[in-house]
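The two complexes that follow have chain A in common; it is paired with chain B in the first and with chain C in the second.
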Partner chain A sequence: MHAVSQLFHAIPFDLLFIQTVNGVVTGMILALIASGLTLIFGIMDVVNFAHGELFMLGAYLGFVIFVTTGSFWLALIGASLIIAILGAAMQIVTLRPLIGRDPLNTILVTFGISLVLQNYALWQFGPVVRKIPEPVDRYFTLFYLQYPWYRILIAVLSAAIIAGFYLFLKYGKFGVWIRATAQDRIMAQAMGIPVPWVFTGVFAIGAAMAGASGVLFAPMVGVSHTMGLDWILKAFIVVVVGGMGNLAGSIVAAIFISLLEAYSSVWLDPSQAVIVSFVVLILTLLFRPTGLFVSTSK
Partner chain B sequence: MSEKWKQEKWAEDIWYRGKVTRRSIVGWGGGAIGAMMLVPAPWRAAFGAEKAYKIGSEQPLSGPGAAGGKTAVVGLQMAADRINGSGGVNGRPIELVIADDESSPAVARQKTEKLVSEDNIDLHVGGFLSNICLACMPVWEDAKIVNIISVCLDTTLTTSKCNRYSFRPYDYAPAQAVAFAPTLTKMGKKWHVAFTDYSWGQSTRDAYINEIKKNGGEIVGTTGIPLGTPDMTPFLSKISGDFDGLFGIFFGKDGVTLVTQAYDLGLTKKYKFAGDGSISESTNLIAIGNKIDGFIGINRYIPVFQGPLDTPYHHKFFDEAKARLLKIDPSGPLPDKYVQSNYEAINCVKLGIEKSKFQGRADTMKLIEALEGLVMKAGEDFPQGDKVLRKEDHQAFPQEFIFEVSGGTYHLKETVPGDKTMAPPACNFSA
Partner chain C sequence: MTAAPLEKTIPVGNAKLGHTTVFWIGFAVVMAILIVAPLILPEFWRRFLTEVLIWGLLAMSSDLLIGYTGMISFGHSAFFGLGMYGAAGSLIALSKSLWLATLCGLAAAAGAALFVAYFSTRLRDIYFAITTLIFSQIFYVIIFTWTTVTGGENGLIFTRPHLTIPFLYDARFTSTTMHWFVLAVVTASYLILRRLTRSPFGMVLQSIRENEPRTRAIGYPVERYKIVSVMLSGLFAGLAGVLYAVQNQFAAPDFVFFLTSGDTVIYNVIGGIGTLVGPIVGAGFFQLARELLARLFGDQFPYLIPLGAVFIAIIILLPQGLLGFARRWLNR
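Coming up: the complex of A and B.
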């Protein structure tokens, strides 16, 4: 009994609560990025290595719109729309001609695009890190820390965007087309669904989600040409752990991995806590290669 | 059309009538060589007849280090243009051979091999990321090529991993720690150190821990954060307790992330905030805004005209560097320490070549001897100030500037002369 009491005293509940909030916030940003990535893979079988650069370009466009208009919300909407158009153009010009070819072709093309976009941003905007100020600069007290409301807002907005997209998939006409194409591409085409345009639309939606997350995250880190690189690796881990192409799985995996890292950092050295997500990735690939959050029942 | 010239009379005379003979070639050739020998050397130099010194430079022009690599190249090019514009070194121009290491040690090793064996460089000036400098130092040593490090700050480059061929003509963490620790312990006795968890961050952390303790301070904890971590909040949330100051060791966009997120969590208001000057380089200040107000830092270079930096040659360096930086970034950043140290590294090489009469790789040992103990005097070549390359470890000790950031600019608080920053040499070239 004494040992149990000592154990409870040893657990830093305040830090655990703070890390829960951190894990959920980080998880929601990651979910927004990863859901675009998994959507593109699920429908088109394309592993989009340029997704991180769409995130980065979204942030840069957000910065340009913010400087021009002074409105964060216009920057968020405008950047998402422009990135959607850019994504559609990218799909039509570079990926549509590769439909039906070996997946390695699309991997190489998207990897090439990522390098081009990254170096374009460096050339166009230069090495100075840019700033988009947060639209809400208030704080609340969370145990021994002050905590920014903006982080909570990011989590709520990410959840709202993902929920809106889910409703669109479930009830929207184009959403039904997307689901039909995901289930059986040939049958969908036979039923008159314009599959090539569904692919373009899906890529545009995925790109817009990356762009939106870039603008949302920019106030916390600044805008730089490599900001996409920092997220994309983790987004790929989330997509694999959640199940390639499984939207709900990716969202759960994003929160799961972020919480796991946040809790690990309570007891482990923070740099060791980062390894946890890689351990989960390896274990998933070894024992459940279809993903942790995919139902195995038929 | 293109064959029409063959029908011209002059062409027929030369090619088809047998008027070009061995005798005429020898005659005209001999005359030309004789004429060249009579022409004075400066004339030849001015018209580019002299072979250029090939200086290789590895810089991260893509990948995570690219932002700093771009400003580093501005410094290199500025110095090379100035030298070539004034007649070169020993009458020979300088040619820069810049290689993009893609911010990757593996790529850097390949590019180093290429610079050595294919580009046939005479010497190397460069290196930005410490893990890349560490990876490439043995290659320069094996190839017996002088390597002037121009940005890397990892302590071990001139201590436990030093070699005879590598030089660092600017400061390193132990010197900064010697200069800064008395100020830090006056600000508060108990410190928590947050650092970027790779070679530079780790060696800099160790240097500050030693010096803070030597000055009667105490380190209550350290937090290592992996390089390029976009959301540092889970790491920073753990920092709490009874201590006086938070000391940060970060550079590039990681510096922006640290300051922004530490401010948002209230850490920089609750504790005094100080750190390595890399956090507050001019390329970061715009993004950080007023969240860094009150930060006390140390740096070998800050772009202000205060104290010993208010000199005509610093004004000249600043104006030209600013104009060149504007060409690579429309926001017009101010010069940073990466521009300064690359600019001065090329000028350091110039002095060494002049002193040793270095002609190429065969004279490497002569150049090394000239660089060992080289005195660099403040002036247009060295706008940062005086410095000497210590013979024992090839490390320089420039003056250091302790400053406060507020209102988006730097305010010089104290200048620590180079001789007051000396850390004992810890290098054994025979090892």
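Coming up: the complex of A and C.
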């Protein structure tokens, strides 16, 4: 009995609660990135290696717009729009010629794009970490911490963007086109849906989501040119664990992975906590290669 | 086999030379140039050429996967880096023998390759690429954070071993003998890989690339072939790592990082996959372009922007790479 109560006292419940909140917040940002990635994969069969770089550029653009206008919300909208246009241009110039070729070509091309974008950011902004101040600077008390409301706002905003996107897919005209193309590309084309433009639109939407999450994330840690790779790796893990092309699966997986990493960083060094999500990925690939959150009846 | 009737002849002057003869003449000419090169080139370019050969070996090892088995590995930095760390660890902790270091580097790379191969070969295409990438990051995180053994961020520094042939030869490496040593290893690796890809084993790998379900239906254990090809590829990548460590007298975590794997893929695509020599040409092209850009615009110039653009253009416009036109001829 004594041992049980000792064990009970050894578990830092306050810390675990704080990490739960942290995990959900980063999980929502990750979900926003990963849902763009999984959307692009599900519809176009393109693994967008440059997705992390779009996220990074979104953060930088948000920083630039914030410095010139002083408004965080303008930065959020402006950066998302510019990244959407950049994504559309990327798709038209580099991915459209590859339609019909081996899908492995697309991972190579987007890898090339990510190199170019990352080095452009390094060249343009230098290796210094830039920071956007939090637009909401109120705090609330969480045990012994002053927890910023802004983080809660990030989670809510990310959820709102994803929800809005879901409604758009479900009811919007273009959303119906996207779903039709995902179901049967050739049939959709036969019905008069401009499939190449659906691809461009999907890529632009995915890019905008990455850009928006970049701006939302920027006040938390700061913007650097290497942040893309960290997040694309996480997003890859999420997309595979959630099931490639499965939107709901990747949202659940994003929160699951982020919570796991948050809990394990209570006991491990944060850089080693990454390994936990790697292990989850390996186990998933071994036992459920189609994803953890896929209904098997499908 | 039906190879003999298909043997085409290439007219040279009045005599007609067979494919094999032309191939070996070309091979001898290139070898002669590479052997003589360090005697003519100044110190900087001598080292440069040696490094190109090492990167070429790394790229060639990954060509076995990309070009022949049809699997893109984004994780070759792990094998390369473990080759480096294996060699460095042996030189620091065990003995100053070059051959023992090579053996340790190869063993480390082979261990990593077995681990990666076991898990990743269950997957295909994009999933394989992502998994290899993530595995290489696992090795990077381990090497980066296990400071007591790997030296963490600082890496391992050691003195270069002597070039020894037991009972015959024992001398310090000069940049010229280093070049010849690297050249010998790379050439031997090329000949082994060429033999492998032309063997029945290599034919099965290529048939997996062309049509995996059919290869399985014929009765080949596809998974086992894939595991062996990843392991072989990892072994040669580890050998490149050993050479790089010996040449530069250090092992650093930067080389385990994803960027090395990315460069390897770029060399392959630029040079032409499925040719074995193409990746070496790609590595030379990339390194030369990088050096020239640095000389023209200064060290800070982001050379990966123009080179990345070239890489993208080659995938779209010239998917066979620079040596693609010679692919069939080189593999005959």
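Rule of thumb we're sticking to: the second predicted complex is superposed on the first by the 278 of 298 C-alpha atoms of A that agree within 3 Å, B and C clash if a C-alpha of one lies under 4 Å from a C-alpha of the other, contacts with A are read in each partner's own complex, and residues count from 1 in each chain.
Heads up, the rule we're going with is that a residue touches a chain if its C-beta (ideal position, glycine included) is under 8 Å from a C-beta of that chain, and two chains touch if they have at least 3 such contacts.
In this text the structure is predicted, and so the values were computed from the model without any measurement.
Partners chain B and chain C clash in the overlay (superposition on chain A). Counting residues of chain A touched by each partner, chain B versus chain C, the larger count belongs to B. Applying the stated contact rule after C-alpha superposition, one finds that A:Leu229 touches each of chain B and chain C.
In the superposition on chain A, contact is made by A:Leu104 with chain C only, not with chain B.
Contacts of A:His51 after superposition on the shared chain: neither chain B nor chain C is touched.
In the superposition on chain A, contact of A:Arg185 is made with neither chain B nor chain C. Touch criterion met: A:Ile282 reaches chain C, while chain B stays clear of it.
In the superposition on chain A, A:Tyr120 makes contact with chain C only, not with chain B. Legend: residue contacts after superposition of the two complexes on their common chain; A:Ile18 is shown touching chain B, with no touch to chain C.
When the two complexes are overlaid on their common chain A, residue A:Ser265 makes contact with chain B while staying clear of chain C. Clashing C-alpha atoms between chain B and chain C appear in just one of the listed stretches 113-121, 275-283 or 383-391, and that stretch is 113-121. Shared contact residues of chain A, touching chain B in one structure and chain C in the other: 115, 118-119, 122, 229, 269, 271, 274. Residue ranges on chain A touching chain C, taken from their complex, read 47, 94, 97-98, 101, 103-105, 107-109, 111-113, 115-116, 118-120, 122-123, 229, 233, 236-237, 240, 244, 269, 271-272, 274-275, 278, 281-282, 285-286, 289.
Interface of chain C with chain A (complex): residues 72, 74, 119, 122-123, 125-127, 129-131, 133-135, 137-138, 141-142, 144-145, 258, 262, 265-266, 269, 302, 304-305, 307-309, 311-312, 315-316, 319.
The touching residues of chain A, counted against chain B in their complex, run 15, 18-19, 22-23, 25-26, 29, 115, 118-119, 122, 125-131, 133, 139, 144-148, 150-151, 217, 219-227, 229-231, 261-262, 265-266, 269-271, 273-274.
Partner chain A is touched in their complex by these residues of chain B: 62-64, 66-68, 70-71, 197, 223-226, 228-231, 233-235, 237-238, 240, 253, 256-257, 260-261, 264-267, 269, 283-284, 286-289, 328-331, 333.
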